[in-house]
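One chain, chain A, links the two complexes that follow: it is found with chain B in the first and with chain C in the second.
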Partner chain A sequence: MSIPLLSVKHLTTDIHLEQGKVRAVRDVSFDLWQGKTIGIVGESGCGKSILCKSILKLLPAYAHILEKSQIIFNGRSINNLTEKELNKIRGQGAAMIFQDPLSSLNPVMKIGHQVTETLLYHLKMEEEPALKKAEDLLKAVGIANPSQRIDQYPHQLSGGLRQRVAIAIALACEPKLLIADEPTTALDVTVQAEILDLLDHLQIQRNMAMILVTHDFGLAACRADEIAVMYGGKIVEYAPAEKLLANPRMPYTKALINAIPRLEDPPHTPLQFIEGQPPNMMIPYAGCCFAPRCSLAGHQCRDQEPLLINDDTDDHSFACWNPLGKIS
Partner chain B sequence: MIKLIAKKLLRLFFILIAVTAITFFMVNLLPGDAAYNIAGPDSTAEEIENIRKDLGLNENVVVRYLNWLFKVVKGDLGESLLARGLVSRAIVSRLPVTIELLVLSVLLSLMLAIPFGVICAYKPGSLIDKAVSSTAFGMMAVPVFVMGIALIYIFSIHLRWLPATGFSPISAGIFANIKSLLLPAFTIAMVEWVPLMRVLRSDMITTLQENYILMARSKGLPAPYILFRHALQPSSLTLITILGLQIGHLFGGSMIVETIFALPGIGRLLIGSIFGRDYAMVQGCILFTTIAYVIVNFAVDMLYAFLDPRIRKQMVDGHG
Partner chain C sequence: MKNKNRPLLELSNIVVEFNADHGEKIHAVSDISFAIFKGETLGLVGESGCGKSSLARAVMQLPGPASGKVTFCSKDLAQLSKKELLKIRPRFQMVFQDSVSALNPKRSVGKTIAMPLKVTGNLSKNERHTLVEKMMSKVGLDSELFNNKPHQFSGGQCQRIQIARALITEPELLICDEPVSSLDVSIQAQIINLLETMRKQYDLTMLFISHDLAVVKNISDRIAVMYLGKLCEIAPSEQLYQSCAHPYTSALFSAIPRVNHPQAFPKLQRCIGELPSPTAPPSGCRFRTRCPKVKEQCVFEEPKLYEISPGHTVACHLFQ
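Right, the complex of A and B next:
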């Protein structure tokens, strides 16, 4: 346990669009230890998904990762791996589940085949034991009648079931790391809780590390060990979950926490929201990119970009010129 | 399912009536008739008139069409006016040539279209995509008879690999049979593969942006496997549609190739009958090609269901 399972350093990803270049992920660094969960929280378009795809190098052709970025998985840098070596990591070392279970399964392929694929290819299993294992996997993710399901097509399953199938596929080769990119966003609230409990359970059982990407701060707060808040492609605050919740330093984090609706609020309490729009990443901004929406922003905030620094404690870092709750 | 087939059969019936009626009247509009051709250039007006009476050509066109139709319903396609043989026998003897040519050229087109379509879609805009696409367009722009002659020059005259013309039936040995059809089939394929490749390429580019392809990549599967196992099937619906239209069109429409390579197929029979105003033979050929066209399109519909389980469900539910 002396080295992290996944170490991301200075990850920077550019996307080349017709209108120009967008720096979607800016100098993101974090460490993730085995069995732990990091929650990555931010609004839509803050670069969360690109970050996930960058880690497994699953980016489209028009995106590219800058040279200075370093991704070390399981003690090995994946920067210069060949596609073949990457495929080995993708299938066996780190798996991914996606936001929309309705579109992430192949509509013309039977469930059974989609689950056994990795078993056949990576573990070189025979067809029959692979199907047997697929049934076990489906059972493990809480699907009641796996032997029927393996002969069905995705359109015959509900959204929740499909996400369970996606999880079963991800777990097939026992990965050490699971990247869950908004795994429950497209699902009903009750199904959401079931899926998250399932992930929790499987994570403990298998001692997996997990990157949980979400726009829902409340969800991250109760499921993740550490939380990284992203804004404008950067990590703007990074701390253990309870610390962040108790003592947010960056006004943006505070605003996100305030935006969580609370059950104890009386009916018709207006929801808190953050004024303004997320930054347009096409236009470079000299200062802190949250400054235009921040009530505490001063001159320095608008002119100079704050760096991610540790202030008072080792494990709590933030990028802000006027942090909240300054202990003086 | 049975309801579906019954519906299709009913539609086939109406299509046949319409198509045969239209061809009948159109052949009738052509100047001259079979009597001239039978009597020869030195005959007198009286002789021609007698032949006309003999063949019943003097009657009203509607009456003649209905006569023909009633005979067909009884299973009699009539006799050829020129060759003095049964129309059905002539067609049956020519059918194997046409079908063989068709199957071979479709196979060759697909063998070109699928790999190149997939490669181009995998890296759209790349050098290989541009090279393949421009070559393909160039090929499509070449008229079939030029392509045929060019291929004869290369493979028959220059390399001496394949016979330039003529047809060896299967009875002469399967090898000689295929050898005699390879060049004409290739001539057709060289033109027909282009639209197939283009639609596959564009459908595949769309498919490759789907989430399930990203998911397949995240499973660490190799690119060729993802392309052929995950992406090809959902990208092939337009390809199948175009292919169906091509087959229908080739069924009676390969007369140019049949003429260049001197193959005794339906297309040549049809064109010869039109020139001779042999309306019974024309009607017989049209009847067959129309039936083939409708059957092929029905097969295409079935193939959709095979390729996409969601369409299968619609068909079973009766929305198809």
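Right, the complex of A and C next:
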């Protein structure tokens, strides 16, 4: 395992709108190895979904990945691949679970067809065995009566069931890399645990790598090897999961963690939140993009952009001029 | 938590069913009864597909239940004429689970939020506009976005648009179906604080559906737990957390991923078996096929709700 399965370098994505250009992803770099999970957390609108879609080039036409960006999958740059070659990677190499399961499912197509579609197309299976495999897949994601469900349409399923169908479709071709954008947001905790156990199992069995986008820090803590915190399109802190949670260095990360309601607290405990709005990504900024909302911000923070640098000793990196203290 | 004795909303023996293929029926909600008191927040949790949204829609008369009675402010909603229902509608509102698809894509955000005000119809356009702008800032939306369309917003912002629309008539009852599940933790905290403020200011009563138990515990006075269309436990929040009784509730609490104890959640450890089909729910206790403490009695006899301590009710043979 000498090279990472996925290597992302300087990924930058612009979205062109009538009002102007939104830089949704800014110079993001990371490596992901086989069998590993990277968790991506951050406030709504910080660019998590656009990052995921950029990796598989599943962006809308008005989005544009900048030249300097590099995406290397399985040792091969996918920058200049044709649409046909990309399709092959999307089906068998890397699959994605989209954030909104209702919009990724076809509303007028029966569940069964939607699952078999990828099997017929990518694996060139015959109709009959494909349908059998579809039922097995639905069963594996915890759907009790797959033979009935395959004849139903998305609107006849509860939110959680639709999510499970989307997961089954993504797993159909046994991908090497699974990009899961909020895969369990619509699910209750027991089903969430079962599905993540299933994904874990696949990771161990097939060495599948995973990008797990979530706003649930608890989930990231339990399921990811490393966590990247995004803010304003950038990765602002990156570390092994336990380290990041035990000892966040970036004030933004700490503020996010403080906003989580705690089960131990009595009912009606007021919650902390981050004052102010996330940055407007239309406007280029000088300095640290969190500075306007940061209580520790000084002159340097407002004038000079901090780079993502390694902690002097280890694998913990953060982009901050005034990092929180290190607990040794 | 005042006025504990006067229920604002009372559900009696609610049943919701859907037709499946081959003449079979999906039993989404089977005989559920509970009351919510004025100013109280009742949390509703349970496995996905257990019927939470179906129950919420039945309360909203979208459509009403197949059988059973929904009483709001001492009025049986099924007995009201269309006109009477329209008149009472602004007093109970709902925030839907699928925030993006619950919004009309062609209608601007400002108009969407103003819609319930238009229905009641005694405000001028300017008055409505001012109220909408105020509400937008309350839920953390920039009022400059008044004329934007829903597709120009992220999932979290669509959720706030819905919340603003639901709160604009200052309803007495608000039903929230997963109102914060697509939000990040900071906005989630803001929305919960906002709902809490509304509760204190206007004595807002809420039915709050969520699968995030920490969120539910934070916002609710009492929590009801559902499993496969049935109520299995209901108790004051703190009490449910400290000493839940039903084996399903225990399973729920043990599956919570927690920041502070990741090691308490070992990978590949628990799997409580396959979900039963809602078209043919198990006989006796519906949880028995996955219950670690199942007894023979559970197969034949359906457990009744039984009060094990004041305000704490459980449907499980272990406690009878």
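Note that the second predicted complex is superposed on the first by the 303 of 328 C-alpha atoms of A that agree within 3 Å, B and C clash if a C-alpha of one lies under 4 Å from a C-alpha of the other, contacts with A are read in each partner's own complex, and residues count from 1 in each chain.
Everything that follows uses one rule, which is that a contact is a pair of C-beta atoms (placed from the backbone, for glycine too) under 8 Å apart; a residue touches a chain by one contact, two chains touch by 3 or more.
Computed from a prediction, not measured in an experiment: that's the story for all the values here.
When both complexes are superposed on chain A, chain B and chain C sit side by side without a clash. In the superposition on chain A, A:Ile89 makes contact with chain B only, not with chain C. Seen from the CA centre of chain A, the centres of chain B and chain C span an angle of about 70°, rounded to a multiple of 10. Of the two partner chains placed by superposition, only chain B is touched by A:Val108; chain C is not.
By the touch criterion stated above, A:Asp100 is placed in contact with chain B and with chain C alike. By the document's definition of touching, of the two partners only chain B reaches A:Leu58; chain C does not. Once the two complexes are laid over each other on the shared chain, residue contacts for A:Pro270 go to chain C alone; chain B is not touched. When both complexes are overlaid on chain A, the residue A:Gly159 reaches chain C alone and has no touch with chain B.
When both complexes are overlaid on chain A, the residue A:Glu117 reaches chain B alone and has no touch with chain C.
In the overlay built on the shared chain, the residue A:Ile260 is in contact with chain C alone; chain B does not reach it.
When the two complexes are overlaid, the chain among chain B and chain C that reaches more residues of chain A is C.
Smallest inter-chain Cα distance, chain B versus chain C, after superposition on the shared chain: 9 Å. Comparing the two interfaces of chain A, the one with chain B and the one with chain C have residues 100, 103 in common. Interface residues of chain A facing chain C in the complex, by the touch rule stated above, are 42-45, 99-100, 102-103, 139, 142-145, 148, 151-152, 156, 158-161, 163, 182, 185-194, 197, 200-201, 204, 215-219, 221-223, 241-242, 245, 255-257, 259-263, 265-274, 277.
Here chain A touches chain B in the complex through residues 53, 56, 58, 60, 83-84, 86-92, 95-96, 98, 100, 103-109, 117-118, 121-122, 153, 155, 166, 169, going by the rule given at the top. Within the complex, the chain B residues that touch chain A are 209-212, 214-223, 225, 230, 233-234, 307-310, 313.
Within the complex formed with chain A, the residues of chain C that make contact are 18, 20-21, 24, 45-49, 53, 97-98, 100-101, 140, 142, 154-157, 178, 181-190, 192-193, 196, 211-215, 217-221, 237-238, 241, 251-252, 255-259, 262, 265, 267-272, 274-279.
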